[in-house]
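A quick write-up on the structure given underneath.
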Amino acid sequence: MLSASSRPRVSKALVAKGVVFVACAAALLTFPDWAPNPYILSAGIVVLSYAVLSTSWNFVGGFTGYISLGHAAYFGLGAYGTALLVTELGLPSFVAWFVAGLGVAVLAVPIGWAALRVRGASFVIVSIALVLILLLVFQSWSGLTGGSNGLVVPRPFPDLLRPEHHRTFFYLFAGLLAVTLLAWWLIDRSRFGMGLKAIREDEDKAEALGVPTYAYKLVVFVVSAFFTALGGGMYALWFGDLDPVFQFSILIGSYMVLMALLGGVRQLYGPLLGAVIVGSALEYFKLEFGDTQFHLVATGLLLAVVVLFMPDGIIPAGTRLVERFKPQRSSIREMSAADLLARDEAEPGPAPGPRSTPPTEKEEAKR
Amino acid sequence: MSTKTTSIIRIGAMLGAATLALTACGGSDSGGGDDDGPITIGVSLPLTGDFAEPGKGVQRGYEAWAADVNDAGGLLGRKVELKILDDQSNADRVVADYESLIAQDEVDLVFGPFSTRLVVPAARVADEYGMLFVEPAGAAPEVFEQGFGNLFYAAPAVADDHYNYLAEWIEALPADQRPKTAAYAAMDDPFAMGTAYGLKDKMEAAGIKTVVDEKYPPNTTDFSSIAAKIEASNADMIVGGTQYQDAVNLIVALQQLDYQPKLAAFSTAPTNPEFPEAIGSKTEGILSPTGYTEQADIPTNKEFVESYTERNGNPPGEDEANAYTTGQVVAAAVEAVGCAEQGDCQQKLIDWLRDNEVDTVVGPLSWDEDGRPKGAHMIQQYVGGDIKIVLPESVKEAEIVYPKPAW
Amino acid sequence: MDGSLFLQSLVLGILLGGLYALLAAGLTLYFGIMRVVMIAHSAFLILAAYLAWFFHRETGIDPLFSLVITVPLFFAVGVLMQRLLVARLRPITLTMMSVLLTFAIALVIEGMLGFVFSGTQRRIQLGYSGASIEVFGARLAVVKLITFALAAASLAALYAIMKYTRFGQALRATIQHKEAAQLVGIKTDRVAGYGFGLGLATAAIGGTALALDATIYPSLHWHWIGPLMAIIVVGGLGSIPGAAIAAMVLGIGQSLLQIPMGTTWAQTIFYVALFATLMLRPQGFFGGRLAQRF
């Protein structure tokens, strides 16, 4: 028998949350069935890959507050790593994928060690520089990477027809997304995550309090690079054709940031939400307005709007907007500060309401 | 902020996004599968970006073909309709474009895009949907090494063989007139490199020393250091594996350094009508391989040149001609096999082309099992301010100018 | 490496370094005044180049005359940008958010350029584009000389403004210590706005100079922002002379490296210098009191 305590209310919220989760998961998992044609399915895969990338970005951006605009570097490294392991060393596709992810994680250690020495805008500059230099390297080293001719990635399942190919990869990406979300959730709940959030709030104070800031930052940086590289590798296996200009693209890096910021960097599903909104909008714009650069303008405007008006993400901004229409939370005092001042000037005396200090004998005597 | 509000907002956003995705597809009409309606042909072209100039030329060619076919009563009695998307010279865009044309718009036929870089990914999409893929502009070796069973290149020769006639002519020169050293500058693009290196191999075999061999990424705009190296080497001949803007930039940089070669050959750019003005009208003697000439006395060519000039005010160039040829090839197959739709029809079209020859504005074309055409390109040169065919002897319009006058 | 090629590259490097110095000076101004890392600076550069090209195409007059229009226009835009956008950001996260905001502005500019002018590469063809003069065995292209002269003149003018005018002094005071400048009675908000405008005006000059000899396309700005950021970090954030020196050094270095390494690999010098500076001396090599680990 339920007691008249807060338990029914908690269960209700939990049940609501559960229902939403199941509904969304069901919608996601059955998408290949209700997608009208393989083209929409492939657009869905692109959105999922963005979700993976922005959630991976959010390990660094959301927990530590360090904004990396060049995260596409790991995307590209993962993609090319997978492709080269398959073509040069002949590894089976998914083995190469995982090994490439690990390889990028290892590579991220010295990169992070160097990059995390600086903060704030300097870090942003370093991240942009990283992706630009990798772009140059991969364009020029054409003996290894195919340069601007691109690199063809052999299909992991060569006998599949294209629509089947899309279906398979949709589920693979969904699986990767689930693992990434799980990792984020685990970190969020752990002491490690708490330390990271302390770094985000005030790094020097966190250091003073004993949080090993440098080590923590480096670990989460490597984890983020690992998942981003896995996303990149899977993209390479799905898409089949790599070009340095797209794998090491500042634009993709900015999409990751935009999606995470828009959805809300502090929420688990924030980047996913941002990816769904921005990703679908992007595909739509590119198809309809393909021969203009309008999608760039749209991305830029959206980013500017988010930065200026909703830096915490669309969910808090949305809730604030909704709450404007609800009854306002009023203050305990019925009077405003101006009223209080006027009243005190008219007759000096103890003010009504809770006092922080007990009245002195003088004032007691007065009363 | 209560959990319920978050959840509600989350559902709302998800549904909103899903609706957005659905509206994106809801807007399209299914063009294919209709036996009496127009035949829709899907194409993705680089109308903006690195390959925009030739891309627009190809567009004009396709449109000229469609107009001519419709004027003559259509294909199989049905009108043809082109659906052209812009891929911004991007390889990932071209894949999405063809995917949406084939899977979403359900076009009956597809034509190829421009540039080898874009042809390979696009051909793969078409191949995986089982569609015939005739393309006007993918000539590099790797196009034919991918194992595509559906690809046909609609021009006389592949990239490596573009300069064959020039190589022969140089080899035939007496030893004291022949160039001794050569400089090569090629864009890191399969076609551009293919042409330049095809000539390089033959020149090296003939004993002409390579003193500069530079490769640069596609959006390079600063050629001062490459030009400086070429000028310092004092090579007798310069061969450019180029597209359009890079050739212009390289030539201007070479002019700024006052480098005067005896022979200058560039692929693609000199066939473009804006080329002379772009390099300050100092074009005399510049050579270029070309698959097409509007003077050629080939069946269907005269009519093409006439109707194109009437419609556009100027005669067609090579890109337009290659596009027109693509249209002719596909039309020949469709008329012979008698169908134009997705599905088994496509394989029948492919099989027919494998075994037959088609008459086009660039001459009769036939292909090997990988889609390579069996022919050779002509060599054109700016003589007296005009473009003239100078090689091979059998079709030449003017004597080749050598050594090149100063620019 | 033979002598004439070396000399030629050296000369090209000096000419290039001049342009870099002008552009880096503008970037330094933004950072000094408001701790804003203005990623959109190179986008404005390309915008100015497009305006010069458009001007030349429509009127046929030499593009240098477009400076008469673009410099005041960009100055005004700079002031507006500072007052309306940058000033709105919360002070705590200013630097970070300004990076994102200016990044967004850069995307919008690139998109609008592509929309209006299409992505086709453009190049101005002038009568004197191919002309050159010979100096000590090296050939100097006339257009490159004009670029260098413009850059040098602008830097000199900037120096004169900063040193000898009241506004320049107020600007320097604001850069050095904002609160102290306010205490002395300088209207730092207005000065900051004008300083921004000044920075953007240098982009106008740089862009027009660039348009004389370069091929422009909308996404060209990414090609410039990397080297420019590297230059201001190496030079020391907030120090104009530092930026100018770093620009010359790296410009010459890039040009010389092009001989053995090729154009693309030579560009890596900027990033190598950037990483090296951040590892060894994060406040930059020439930065004065202002440069800091931020």
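Here the chain labels run A, B and C in written order, and each chain numbers its own residues starting at 1.
Following the convention adopted for this analysis, a contact is a pair of C-beta atoms (placed from the backbone, for glycine too) under 8 Å apart; a residue touches a chain by one contact, two chains touch by 3 or more.
This one's a predicted model, so the numbers in the text were calculated from it and none came from an experiment.
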(request) Starting from the Cα centroid of chain B, hunt down the chain whose centroid lies farthest away. (result) A
(request) Please work out which of A-B and B-C is bridged by more C-beta pairs in contact, and write that pair. (result) A-B
(request) Please report how many Å separate the Cα centroid of chain A from that of chain C, as a whole number. (result) 33
(message) Centroid of chain A to centroid of chain B, CA atoms only: how many Å?
(response) 41
(message) Using Cα averages as centroids, what's the distance between chain B and chain C in whole Å?
(response) 38
(message) Which positions in chain C are in touch with at least two other chains?
(response) 114, 119, 262, 264
(message) Two or more other chains touching the same residue: where does that happen in chain A?
(response) 139-140, 293
(request) Give me the residues of chain B that touch two or more other chains. (result) 47-48, 88, 215, 217
(message) Under the definition above, what is the set of chain A residues touching chain C in their complex?
(response) 67, 69, 114, 117-122, 124-126, 128-130, 132-133, 136-137, 139-140, 250-251, 254, 257, 261, 292-304, 307-308, 311
(request) Write out the stretch or stretches of chain B touching chain A in their complex. (result) 1-7, 9-11, 13-14, 16-18, 20-25, 47-48, 85-88, 90-93, 95-97, 99-100, 102-104, 117, 120-121, 124-125, 128-129, 142, 146, 188-190, 215, 217-218
(request) Name, in rising order, each residue of chain A that touches chain B in their complex. (result) 13, 16-17, 20, 23-24, 27, 36-40, 42-44, 139-140, 142, 147-150, 152, 161-163, 165, 239-241, 243, 245-246, 267, 269, 273, 276-277, 280-281, 283-284, 286-288, 290-291, 293, 314-316, 318-319, 322
(request) Can you check the complex and tell me which residues of chain C touch chain A? (result) 35, 37, 39, 85, 88-90, 93, 95-101, 103-115, 119, 218, 222, 225-226, 229-230, 233, 262, 264-265, 267-268, 270-271, 274-275, 278-279, 282, 293-294
(message) Using the touch definition from the top, list the residues of chain B that touch chain C in their complex.
(response) 47-50, 52-53, 88-89, 214-217, 219-226, 228-229, 232, 245, 248-249, 252, 255-258, 277-280, 282
